[in-house]
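Input: a single structure, listed below in structure tokens.
The letters A, B and C name the chains in turn, as written, and every chain counts its residues from 1.
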Amino acid sequence: MTSSPNIISRKGPDLRRVFPVPAQPAPRNRLAAAAPWLVAACIVGYALFAGGYPATVVGFALIYAIFVSGLNIFMGLTAQVSFGQSAFAAVGGYASAILTTQYDWGWLPAMVAGIAAALAAAFAIGYPTLRLKGHYLSMATLAIGLIAHEIAVEWESVTMGYLGISGIPPIDIAGYELAGDRAILIMLSLCVAATVFAVSRIRSSRLGRAFAGLAGSEDAARALGIDVARYKLVSFLLAASFASFSGSLFVHVVGYVSPEVFSLHMVILSFTMLYVGGIGTVAGPVIGALVVSALPETFRAFRDYQDLAYGTALILLLIFAPRGLAGLFAALDRKPSSDRGKGGTAP
Amino acid sequence: MTACLDVRDATRSFGGLVAVNAVSFQVMPRSVTAVIGPNGAGKTTLFNLISGAIAPSSGRILFEGTDITREAPEAKAARGLIRTFQLVKLFADLSAVENVKVGFHLRSRGGLLAALLRPRRVRGMEAAIERRARELLDLVGLGAAADLPASALSYGQGRLLEVARALAAEPKLLMLDEPAAGLNADETARLSSLIRRIAEGGTAVLLIEHDMHLVMNTADDVVVVDFGKKIAQGAPDRIRQDPAVIAAYLG
Amino acid sequence: MDATLIGQSLVSGLGIGCVYGLIGIGFCVIYNASGIVNFAQGAFVMLGGMITHVLLVRGELPYGLAILLAVLIVALLGVAVERLVVRPLWNRNAPMFVMILATLAAQIVIERLTYLAIDDQPKTLPVFTDLPPVMLRGIAVNMQSLWIVAGSLAIVAALALFFKTTRTGKAMRACAINREAAALQGIPVHSMLALAFALSAGLGAVAGIMLTPTQYTAFDIGVPFAISGFIAAIIGGFGRPFGAFLGGLMLGVTQAGAILAFGAGMKTIVALSILLLFLFVRPSGILGPAK
């Protein structure tokens, strides 16, 4: 920090008596703060124990948790909206699929190449639109989602069109292939943990504060020297790289990719997860992904009704419970208030 | 001595209406300058011209001798020109202390890598920001409200929070847009002493204010505008007796 | 390349361009009344053709009556979207991106309900008048294209008249210029919002109905048409209804040319490239920003 005119250390008149302030909120209840993580651990633990179908469902949920966490950086922390994150997942997924099956790349360089390609695409879309009002980006991203789908369908020589690409190898570490239910689940849990760690670090950093500032008021953020357009772009690029990462994980876990994987269905599902879990919170995307996936219909046959259910649920959440399950956990957090800090007489 | 802020013939018209007409004045370091004038005199437009929210039609604005006329608000902020807003613009979802911490943006460094790796240097910086943010809240009298969400504060408290947040950016020139609006007489007196102390600490202050009492007790120099034009400038005592000013306010 | 072919694709480009233009006008009408970009706009286009088809084929109504009823039903659905989805969020001062997201969710819900209520098969409608194509210097212009162009021009003229001369139309324009000032002057801003949804849903339905005989309609055609309509609105300068119509014509013609040059697979990619081009070079559109 630079040196500055020192105005802080001067002891002035006690202004606190003049500006009475309401009581401090009660200190956070540690158990309530841990509650979402306990719920998540229980679901993953059960899947690890049970294996088989539950493990598959929870595995998909964990991949979505990463995707939605990225979306949350852009929407929750930065208050911008993108309808085309599925495109970046598609870029990652197809890069991994094509490079590992047709060019014999290792999974890691393929994944990194996918993220680089997603970043390039996000930059091309984000740089012009993020300088403009929010709806330009919304529509441009919705368009790019459809374009990605179209390219996946039309560019048959590379993507195999509707047929899709199969035979994608599982991720291997030191020659050991992560192919079993439990091995995959553990690997995905570690990926989610790393994602959550990154999001929580970002949230409480200077970068996260810049996001929060421009989310709260763009004018005020600019007046404090925050380059709003630049930070929106950074946030968008972060979201795109998490999307690409999750797309790569998906194709390695499933061993197959087709255009249907990254459709508008994926977009609406991820929004529902984000709002169920609680937008803007670190745990929200993980809880939302696990809870929405655990609902019995999600990955079963009633595909026709799924989008209807998610769309309706999303509208209801937006109207009636915009904070999602995070609001519920916050309610648990309320404890009878202590005497501390009442009426502006705090020490 | 170079003026901190030098406004030269600033003019802005909207369609046919000239909101600010060839206004010139200077703000010296460590001084408090007030811009007063009847409603609709063009004060807020003048403020927006200086802060970069809108561009002047003609004229120049110099900050510490450098022409900043057409710089964006964030670029002007980076030079040390920090403003508050007439209608407070707080980050409503954040707590009071988090609001102030956002204000340290220009006084801290670090992007994605710093966030993820959080090396010792960054940890030290974060601790210093937290401490200084709370000190600033104490300074404006909101120390006890530090952990409340900004949306829970009263209107007057919100104004003070905005001042604390602006101070976090360690401005060379602090621009306050009607800081006393919504404050009672007692609070206004306290605000006046706070502004004096900010100026004595080395920060020039430029304020727009309706509250004559605050202006007369706080400002070193008063600029009076009416119908977009500067009609008088001088020390508060002289302004009080200036016939043009009396005419503008009574007429 | 032979001139007839170019002329032919110019004509079909103008036809589809009119449709994009009407959808673009729908975007502008709601945006001007509320600042909301309604992502459910495509659903109205899809429903226009779908409901007409159902009334005509299953309800066995006369064609004209089926069209009229379909437009009315879709306009009412527009009001329903406003009442059930937008209004509650508006009333609790939800951020703009939440409202945009809600309209996208509404699009998905309407799409899926249509799929469940009808089916996923493409539907078509008979042409309005079963006459042979008109020959203009060797270019065959089919009657439906003429219907689309004439119908769109009539609608645009009627809208211009509505905004210029009627009390309600003027009130809507006042809302577009400054909502708060309009409210202070006693204009019922809320009813204007409902009216804007009804109007733009009706416009979408008409566009969908005119288009269906030349192509087809299915439950999932909405989003691509909405995107084209949005691009039309951007080309025209977002918030300028008549600019949007012009933008639609430009987009339609460019797209038709691109199909001729590169093949049909490039249709969407060309549209996106035009969008990006405008966003990069001239985000305020050919006519400059509204207001």
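Keep this in mind: contacts are C-beta pairs under 8 Å (C-beta built on N, C-alpha and C of every residue); 3 or more make two chains touch, one makes a residue touch a chain.
Not measured: the values here are computed from a predicted model.
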Most central chain, Cα average position: A
By count of C-beta pairs in contact, the leading pair of chains: A-B
Identity of the chain that, by mean CA position, is farthest from chain C: B
Distance between chain centroids, defined by C-alpha means - chain A, chain C (Å): 33
Averaged-CA centre spacing for the pair chain C and chain B, given as whole angstrom: 47
Mean-CA-position distance for chain B and chain A (Å): 37
Partner chain A, residues of chain B touching it in the complex: 51, 53, 72-74, 77-78, 82-85, 89-94, 98, 101-112, 114-116, 118, 122, 125-126, 128, 132, 135-136, 138-145, 147-148, 152-153, 156-157, 160, 162, 165-170, 186-187, 190, 193-194, 197-198, 201-203
In the complex, chain A residues that touch chain B: 1-2, 4-10, 12-16, 18-19, 21-22, 24-25, 198, 201-202, 205-210, 212-213, 215-217, 219-228, 234, 238, 280, 341, 344-346
Interfacial residue positions of chain A with respect to chain C in the complex: 75, 79-81, 83, 124-125, 128-129, 131-132, 134-136, 138-140, 142-144, 146-147, 150-151, 154, 264, 268, 271, 304-305, 307-308, 310-312, 314-315, 318-319, 322
Contacting residues of chain C [partner chain A, same complex]: 37, 39, 84-85, 88-89, 94-98, 100-102, 104-106, 108-109, 111-113, 115-116, 223-224, 227, 230-231, 234, 265, 268-269, 271-272, 275-276, 279-280, 283
